[in-house]
Amino acid sequence: MFFASDNSGPAHPSVMNRVVAANTGHQMAYGNDTIMDEVRTRIREVFEAPEAAVYLVATGTAANVLALACYVQPWQTIYCSKVAHIEVDECNAPEFYSGGAKLKLIDTDNKMMPDALEAAIQGTPRGDVHSAQPGAVSITQVTERGSVHSLEELRNLTAVAKRHDLPVHLDGARFANAMVALGCSAADMSWKSGVDVVSFGGTKNGCMGVEAVVFFDPAKAWEFELRRKRGAHLFSKHRFLSAQMAGYLEDDTFIQIARQANENATYLAAGLKAAGATFLHEPQANMLFVSFPRRVHRTLAAAGARYERHGGMEGPDDTLISSRLVCDWSIGRDQIDTFLSHFQVP
Amino acid sequence: MFFASDNSGPAHPSVMNRVVAANTGHQMAYGNDTIMDEVRTRIREVFEAPEAAVYLVATGTAANVLALACYVQPWQTIYCSKVAHIEVDECNAPEFYSGGAKLKLIDTDNKMMPDALEAAIQGTPRGDVHSAQPGAVSITQVTERGSVHSLEELRNLTAVAKRHDLPVHLDGARFANAMVALGCSAADMSWKSGVDVVSFGGTKNGCMGVEAVVFFDPAKAWEFELRRKRGAHLFSKHRFLSAQMAGYLEDDTFIQIARQANENATYLAAGLKAAGATFLHEPQANMLFVSFPRRVHRTLAAAGARYERHGGMEGPDDTLISSRLVCDWSIGRDQIDTFLSHFQVP
Amino acid sequence: MFFASDNSGPAHPSVMNRVVAANTGHQMAYGNDTIMDEVRTRIREVFEAPEAAVYLVATGTAANVLALACYVQPWQTIYCSKVAHIEVDECNAPEFYSGGAKLKLIDTDNKMMPDALEAAIQGTPRGDVHSAQPGAVSITQVTERGSVHSLEELRNLTAVAKRHDLPVHLDGARFANAMVALGCSAADMSWKSGVDVVSFGGTKNGCMGVEAVVFFDPAKAWEFELRRKRGAHLFSKHRFLSAQMAGYLEDDTFIQIARQANENATYLAAGLKAAGATFLHEPQANMLFVSFPRRVHRTLAAAGARYERHGGMEGPDDTLISSRLVCDWSIGRDQIDTFLSHFQVP
Amino acid sequence: MFFASDNSGPAHPSVMNRVVAANTGHQMAYGNDTIMDEVRTRIREVFEAPEAAVYLVATGTAANVLALACYVQPWQTIYCSKVAHIEVDECNAPEFYSGGAKLKLIDTDNKMMPDALEAAIQGTPRGDVHSAQPGAVSITQVTERGSVHSLEELRNLTAVAKRHDLPVHLDGARFANAMVALGCSAADMSWKSGVDVVSFGGTKNGCMGVEAVVFFDPAKAWEFELRRKRGAHLFSKHRFLSAQMAGYLEDDTFIQIARQANENATYLAAGLKAAGATFLHEPQANMLFVSFPRRVHRTLAAAGARYERHGGMEGPDDTLISSRLVCDWSIGRDQIDTFLSHFQVP
């Protein structure tokens, strides 16, 4: 009963099998392996972007901060939500990689709102040398609270950015989960909606550790390659990154894995709703934000369930405690059923 | 016939098998996996250092620059040889991670000499605010030219560093190859010889992509953890780094792999010597630096041999051209024999 | 009628005279001038801190960011108010000098409140490697809105910091103005209230361009010297910084200048209140934040008055527009009277 | 008898008088003062460059590193001589401001030679992601050893840079001294010789602390302004930088001051030669590198002479010790004569 994170589960067999298959003979190092050629072609197909520059790194933070650093000068700002991964969970990596750019936080507990973005950009006066200058906008899809921007919402946000000539980065650590939720294409959710560069996640969705960075304008390609190497993120035995991504993309495996994760979450959410749990955000992909009484937490913990939680085990029985439950593809229905069997909110 | 680099071969089966075996069920993320506990214990055994702080990253450059950044302030210097990997092959990653420290190059084409190190340290006047201040010493073992410092040579170098109160980093991308060459223990070649922190290589010696950073003084542990995360080098599905290293260390596999690579190189070197090739450096581990006439290069290239080379294919037949030939564990004797069969220096 | 800033007025004669007097013969460069010895002694007296480390730089931003960089690691945070100069007016210099530390903004339009500071520190979970770690607290006195923390308010803030083992920086660009407002000593307003390092402003209070950085714990001295040089802020002809500060401190000139500025502001505020202006913050030192109708702005502009203003000259006559009026020591009563004569809020 | 440095003397009266004259009334801050308009116009005249972007900072290091940072990416290199001020005397400021670029040192004890520059550039392979990439060339005129590149020598160096599409920076801390030595114009010694950006020194040549950065291509202007502010080098009371530079440029005062300094050095050199001193470099501007026996040093020190020296006062009488003697404009003939009267090399 492991709902702590989608980065705690195993790699999907389709991914692992490609890795094992790749482990034969010699290959050119540093991204010049033949599997990477296949990956590049396939990502361009998936994104309907034949000119895109495509690179692989091993962590989501690396994908985000290397992509952003290509678009933001050290004296500029990155606009993101107050709960964005790049603000909350990357230990100043965006500041490090950008040479000291400033994150301007949009006050929200979930999605960034266009009006708030507009106000934030206007609050960093362009042309005033005392103020950090507007740099780029970063949007997370699926959000850190399990919500999914509709295509219209995405376009409304990127329209604000474009009006101010700002590039847009999409943190797509759960890109496939969002695609499945929206039933749209990768192109719809990226360049067709005004996104300039995507962190296309693999790790949380069934890979071992691989993310693609996809630049729709290949002008940034060489700078990215130098930044990746300088950041110590260029793999010598790159074939093992390529192989993961190849397995992930083959036969739309990434869609299947995400669908399985989302369906697990939907099933879990239905059970929790039926049992009376309160949802802080309406789940749309594979993450649930729910609160329930402390005594239920105690029961679940005793039964071996694992998940993130705000609030301790000690205290009054009925205090509502909020939790985050994440379903990856590998969590079985049996485990969800067991979890629900321990869940009673009277 | 792939002699281009030891980072172009496949992972060793013992390593890959552990990775596959690790791919089951859920594991705590970010280095809290149970396999990492095994790895930590095993590395402390191997290094006879029960207090050592042990971390894994995926690239050799990450190991080097994160380790060095823990010991060097931005206004200090790193002393290293002119041909050091950190100077030549890391695209300013040491400068990036250290916040702008300066590499002070010791003029040598191979090993750093103690007198030259002494002179370089004296040339950065401690206490003079105009000059970058002495920071740390970095030694590569096996050197970038295929040589191996004897334990005495190591101790002579670290003695200079200690006399100036400078910490010592060992770039051990080919640590096991050097151990095999010297027939010494990991402890002999590290803390017993005055080394403070080691980049203990796995990637070039049969792993997919994993290096350990071993601090003999655990005081740097927390700083390293923060630097690793901030550098975007903390893996969420860390079990896949741990599993590689576990397979690598189990039953001294890392020694066996290195021995195989070194023996391949010895066999190749003997054949080349017999055929009249000129050695620029006496090979001691798994790298050969040899020069031979351009027409031999042409023959070898036509036969499909791959290796690094200074000098083009076009030009007079008899011009001597220098090359680097690296043997990994997986290169077969048959391939070496084929290579040698094409090699004729009249 | 120049109320745009206290950095637009001339240097005080006591300051300029010392500069001219210093312009004779040779002096040791880089802070080894004999006038600096006098300055060091005098600042230690003024702050009742015989062990303090004392340095001079030429800009307030340099003082702030060099002081902070000595206390904050790149993976840490600086807690400051949302309107702090270091956040709003220094173009990412704090991020630059700290190597990418993050400013955590306390939501306030003026003073930082202890509860909000406490909440912000608790919101950066110490020991969680994903989150930036708590670093230092920076307080501005006089605040950017013209208010002055009482000694009790200062102590309440530093108590929060101390409870979390965080050092405290005081941005005292208008330190003397605050001392005059509180009628307290420099020691009262700094180390006796829990402050670890002060940017002691000279430029805005009658100098040409000089600020002192005063560390009450001299352990940071050598690091500061290296950071100052590396930041290109170490003056060769340092005597001209020393001389300004010597003239500023002699016979408590800095107090006299600040008193004159504050009295000018009090006089102006009284006139504006009498004329019906609305004060956004109660003025306590030498800055006024007032709003009045657009047509009054038009009249004042036509008469040649200069000051900062939010809102344009075009628009309905009666819209209230907010402005900042700053008095330096040199603004004459006649200019204030002329300004007030143009000011009519019916 | 102060020959330690040209940064130890007083400001020239023409400079100081303008500073005093500027100290009246209010002026717009941050470089918007009216005196800066005059300075900009005058520098464009002096350099015959009507489009040049012109900025002032207070230290030579700031001028150098801010100028270079506009031309060099963090993953690139700066080519300079092994004895360059930016390498030896700026405590890693170039690395700091460039975000970690690497200085590639040309091996020379004085001027950089075109062939050596060519070899160094070829040694940083463009397009190889492992290697730092070629960035910019920095030349010092007057060199740190008191020599002056002829215009032909300058052009030969910049031709190498241009052949590789690299921009050229000139560290002109002693620009005027070199102009006087060559009898050429500022334009001759800068853009007409292929220089892209100049650090035009004032401090060492009779100012209090001011240097101009002159970009012949104004495309870098806005970036420079942001970098200057972010570096904390934008003066609020900028008029005091402007006034120094205005006085320096008025009536070619800068030429007169430099001529006086050079003539002092010529007079001193003649006396030393007559007395049998050995010159390590032929003096061409205002610095002398001479060696003479230790007992002469003792006599001079006893008489109160100050200068830089390699080698201690204790030891055999006749050991030759090398020294640097610098003449500024203010050193009187009487002081030189006194110095020479103590100088006897038998």
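For clarity, chains are labelled A, B, C and D in written order, and residue numbers in each chain start from 1.
One rule holds for everything that comes next: contacts are C-beta pairs under 8 Å (C-beta built on N, C-alpha and C of every residue); 3 or more make two chains touch, one makes a residue touch a chain.
Everything numeric in this text was worked out from a predicted model, so none of it was measured.
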Most remote chain, CA-based centroid, reference being chain C: B
Between B-D and C-D, the pair joined by more C-beta contacts: C-D
Centre distance in Å when chain C and chain D are each reduced to the mean of their C-alpha atoms: 34
Rounded Å distance, chain B centre to chain C centre (Cα mean): 51
CA centroid of chain B to CA centroid of chain D, Å: 42
Contacts with two or more other chains, residues of chain B listed in rising order: 74-75, 90-92, 96, 99-100, 129-130, 133, 226, 229-230, 234
Complex interface listing, chain A residues touching chain C: 74-76, 88-92, 95-96, 98-103, 105, 129-133
Sites on chain C touched by chain D in the complex: 2, 4-5, 7-11, 16, 19-20, 23-29, 57-62, 65-66, 90-93, 96-97, 203-204, 208-209, 226, 229-237, 240, 306, 330
In the complex with chain C, residue positions of chain B that touch it: 30, 73-75, 99-100, 129-130, 133, 223, 225-230, 234
